[in-house]
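Right after this note come the structures.
Next come two complexes built around subunit A: one with subunit B, the other with subunit C.
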Partner chain A sequence: MSITASHISKTFGDFAALDKVSLHVPAGKLVALLGPSGSGKTTLLRIIAGLEMADEGSGHILFGNEDVSLLPPGKRGVGFVFQHYALFRHLSVAENIAFGLRIRKGPERPSKATITSRVQELLALVQLEHLGKRYPTQLSGGQRQRVALARALAVQPKVLLLDEPFGALDAKVRRDLRRWLRNFHDGIHITTLFVTHDQEEALEIADDVVILNSGRVEQVGSPQEVYDRPATPFVHKFLGNVNQILLPWEGIIQGTKVPVEENVAFVRPHDIELLRPETAQPGALATVLDLHAAGPIAKIAAKRTDGRGIIDIELPRAYFDQLNLREGDTILLRARLEPVCQTILVTKPPMT
Partner chain B sequence: MKTKNKKSSETGFFATLFTVSNSGEPQARRDPTWMRILLSIIAFSFLFGFLFVPLIAVFSEALSNGWRVYCALFIQEDALAALRLSLLTAAIAVPANVLFGVAAAWAITKFDFKGKSILVTLIDLPFAISPVIAGLVFVLIFGRHGWLPEQELGNFLAPLAALSRKAADAGFFEDIFRALTSWLDEPRIIFGVPGIVLATIFVSFPFVARELVPLMQSQGRDEEYAAITLGANGWQTFWRVTLPNIKWGLFYGIILCNARAMGEFGAVSVVSGKIRSETNTLPLHVEILYNEYNSAAAFAVASLLAMLAIVTLGLKSFVEWKTTRT
Partner chain C sequence: MFPRLKKHTVMPGFGMTLGFTLFYLSLIVLIPLSAVFIRAGGLSWHSFVDVAFSARELAAYRVTFLASLAAAMVNAAFGLVLAWVLVRYPFRGRRVIDALVDLPFALPTAVAGISLTAIYGKNGWIGRWIDPEGDMFLRFLSANGLLGDCTGYGFAGIRVAYTELGIFVAMTFIGLPFVVRTLQPVIEELEPEMEEAAATLGATRLQTLSKVILPELMPALLTGFALAFARALGEYGSIIFIAGNQPGKTEIVPLRILTKLEESNASAAHTPYAEATAVAAIMLVASFILLLLINLLQKWSRRHHAH
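For the complex of A and B:
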């Protein structure tokens, strides 16, 4: 079932956490809500879940075609997974998962046998069959997160909402679990919206990414779209590393006609070409400040000889080794411009 | 008292009571031996002088004339009446404060509303005020020259009295309503049991709330939110999620609240009037006996309060031990 939020605003006192935000999650997709901390992403997720209310008269939340804006969270049919899991600490894993079914009343409550078999099913789904009797404190972070997921799925929600699902885990577990989540989602196809501040995470597993900044949507698109064609300077800076090149950039950037009042160009470090000055091709001269060659990508920081700032360059390791660079060497830089990859974006006010 | 613990993982109940554990520490981080001995001596002589000696004194004085006399002093009618009144007062004050404390802590920690900080400050008020003044407040309100003298209160309560009389006449719980009617006709608060109960509720009401607020704050709201998204209503959320999480903290608060309710002297002393067998609680009775130079009896009753204190401390350490394990 799809999720549609239209023109949602939320203010805390004078602070506008969300400013007429609209969002659409197509049925069965895995969508990331990405933004820096304080961008309003968690607030939006909680409003969709019903844990917070949007400002009065500011918009609607639809699940499919049904307006759920005025329903309490328990009636919306959402599965919510909290950043710190929020498992019931006094209940075992199996009891945690059964909670949503046990509290139902009258004919809606499944029989004990049904609940037990449903819990077993869910434990198998999250690959924790043998841990049903444990308590939350006896589990690792990754296991707790999966229990929280199973608990949310037990009530057969229409949509799944995850708040920084991997935020509290260490790097290795994080990577494993996010791949696991992607596969898991491919298996059950429940409409899922997850909040994250980690761009790598969003780009790796989401079908679509919604980028939020200061309470507004900056861009919506597939991971490749938002990375290759950032719609705004913010997206450009937020997704991956980027050089902000100040005027004049003659030499570095070839053949682009740039209106004079605009003064910053964005070029990703791996789109900067590095040449020996002897080649006498067009480009800008710079001095090598710093070399980092650990890992498959070599990182170089170079200072423009015209004093217009420092440019970061990323090169494949093999090419870097060929160049045999030293600190203090003079090099020639220019942007590699490909029409598919519009890495240059020009804005009016100087970006800081 | 320094118990060499066999293994730090084996934290028995009494082990946690008396552990001074640094056996696993590297040599460099330990203080010199003479200093450790000196500090231990200071600490234990302080404990001994200020806690154990008085406690021993109470029991030795109480038992100075032998067991039989001790027991005889106990079952005096006045002492028994004082015990009954103390128990009755605690039986009313403690549940009232549990109800208030849980409600206040739940509201303060799980919801945002205007005037929250005022409520938090007000809860601490009884700690800040001298108990004597707390008692005096009730005298000022209900006393002869107060805001709401008992005669006027009687006028207010007249309709209730009529209602209660009707119920009694109709034979509906006759004894209870008969007694209620006679109290409503001539309500007595100061120098009566209601005054004692009111004063006790006042002085003991921060305990439960003060115990629960930090605990519930540290637990956060996420578990409640999780329960709500799973379809639980407010009542189910409270009984199935919040209460199990705070049960030991609540128990701890109840023990402390009860200890204060049974032991309160100052506030109760002002409102009680100290009528023997009627408005005398245990601490007041101790004072009366002592002033009559009946020190053996005074110490006998005091030993009862001391035993209550020991039981309270035992329960308190038990709860602490229990909560550190879970």
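For the complex of A and C:
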């Protein structure tokens, strides 16, 4: 079932945490809600779950075609997974998973045998078959998070909402679990909205990425789209390293002039070509400041000789070795591609 | 087999700390306590039973334990509500109320006793409205008062001062801070997300309360209950003012112990001191067993909280 949020605003006091945010998660897809910390991701997710109310008259939440804006969380059919697990400490893993079924009343409540077999199924699904009798405090962080996921899935929610589910785990476990989640989702195809502040995580597992900044949506698109064609300077800076190259002329954005000192072009470090100055091709001269060649990618920082800033460059290791650079060497730089600056229109091509 | 490596801890020598603990505990607790048994042991078994289980003593045990139990239960219930409100709801004057909770701790018990007696006595602020002889009660709430004139019915009135109820009231008063102060930090730590998780799983408020919040708070609630109970059992100062101390009715055990000491008419066979310690020994054993039970209960409810 799809999730649609339209024009959701939320203010805390006089601080606008969300400003007319709209978002769509197609049925069966895994969408990442990506943004820096404090951008309003959790707030939006909580509004979708019904744990928080949007500002009065500010918009609607739809699951499929049904407007759920006024339903309490328990009636919306959401599975919510919290960053810090929020497991019930006094219940075993199996009892945690069974909670949502056991509290049902009357005919909606499955029989004991049904509940037991459902819990076993879910334990198998999250690969914790043998830990049903343990208590949450006896599990690792990654295991706890999977229990939380199983508990949320037990009530067969229409949509799954995950708030930085791997945020509290260490890097290695995070990477394993994020692949696991992707495979898991490919297996059960439940509409999922997944909150994260980690761009690598979002780009790696999501079908679509929604980028949020200061309570506004900056861009929506597939991981490749948002990475290759960032719609705004913010997205550019947020998704991976980027050089901001000051241009020596005025620019125009949507009809308004941008003064010289604010006119920037964005070039990713791996999109910069590095040549020997002898080749005498067009480009910018620079002096090598710093070299880092540990790992498959070599990183170079170079200072432009015209004094307009420092540029980061990334090269494949083999090519770097071939160049045999030293600190203090003079090099010639130019952008491999037309620098990405669609929103900041430049009047002349840069770095020529 | 591998040789067992000595485990290093930050604090110095386990042996030394244990030794110190035992020594200190003996000095402060065990030696005085054993004196009770040794002195009580001076009585023959027959006279021990006679002294410790006379009708007057039995009445004192009964009123002391029942009133303490009732007071601790009331404190557990209302202390829970009070602690919850103080932690979860920011309202004006919260700090003042929070500070007031400590008052029963800080107040000399005699002051508490006199104040309570003054308030609940038949001329006191509350007493005059509820005591069968209170002036306001007679004028407004009794069958002969305004209420009776209007409806034909009236309240019977409740006497608090100089009754068992007074004992209970005093015990409740002095026990309140224990429950509130043990629960507050635990409620502060309780993640609101846990309640929200229950809500998204379809739990009603009542289910969230009974199946999530209360079980999470149970160990602390039991601790608070045990402390309030123990405090009520041992309370003397405030109760003797409000209890009236009628023999066989509103005498509490600590008072019996004291009066036994002061009674000089004890038969020649044993000293007043031995008689007093006999009562004290019973009190000691009973309290110990009760606290042990509460402790076991607490351990059981805490079984999953080990980190």
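Odds and ends about this structure:
Operating definition for what follows: the second predicted complex is superposed on the first by the 323 of 352 C-alpha atoms of A that agree within 3 Å, B and C clash if a C-alpha of one lies under 4 Å from a C-alpha of the other, contacts with A are read in each partner's own complex, and residues count from 1 in each chain.
Heads up, the rule we're going with is that a residue touches a chain if its C-beta (ideal position, glycine included) is under 8 Å from a C-beta of that chain, and two chains touch if they have at least 3 such contacts.
On a predicted model such as this, the values are computed, not experimentally measured, just so you know.
Considered on the superposed subunit A, subunit B and subunit C are sterically incompatible, since they clash. By the touch criterion defined above, A:49 lies against subunit B and subunit C together after alignment on the C-alpha atoms of chain A. In the superposed pair of complexes, A:84 makes contact with subunit B and with subunit C alike.
In the superposed model, A:107 lies in contact with neither subunit B nor subunit C. With both structures placed on the common chain, the touch criterion links A:13 to neither subunit B nor subunit C. When the two complexes are superposed on chain A, the residues of subunit A that touch both subunit B and subunit C are 49-51, 72-75, 78-80, 82, 84, 86-90, 99-100, 103-104, 148, 151-152, 154-155. By the touch criterion given at the top, residues 191, 193-194, 196-204, 207, 211-212, 215-216, 218, 304-307 of subunit C touch subunit A in their complex. Of all residues in subunit A, those touching subunit C in their complex are 49-51, 72-76, 78-80, 82, 84, 86-92, 99-100, 103-104, 135, 137, 148, 151-152, 154-155. Contacts from subunit B toward subunit A in the complex involve residues 220, 222-223, 225-233, 236, 240-241, 244-245. Within the complex formed with subunit B, the subunit A residues making contact are 49-51, 72-75, 78-80, 82, 84, 86-90, 99-100, 103-104, 148, 151-152, 154-155.
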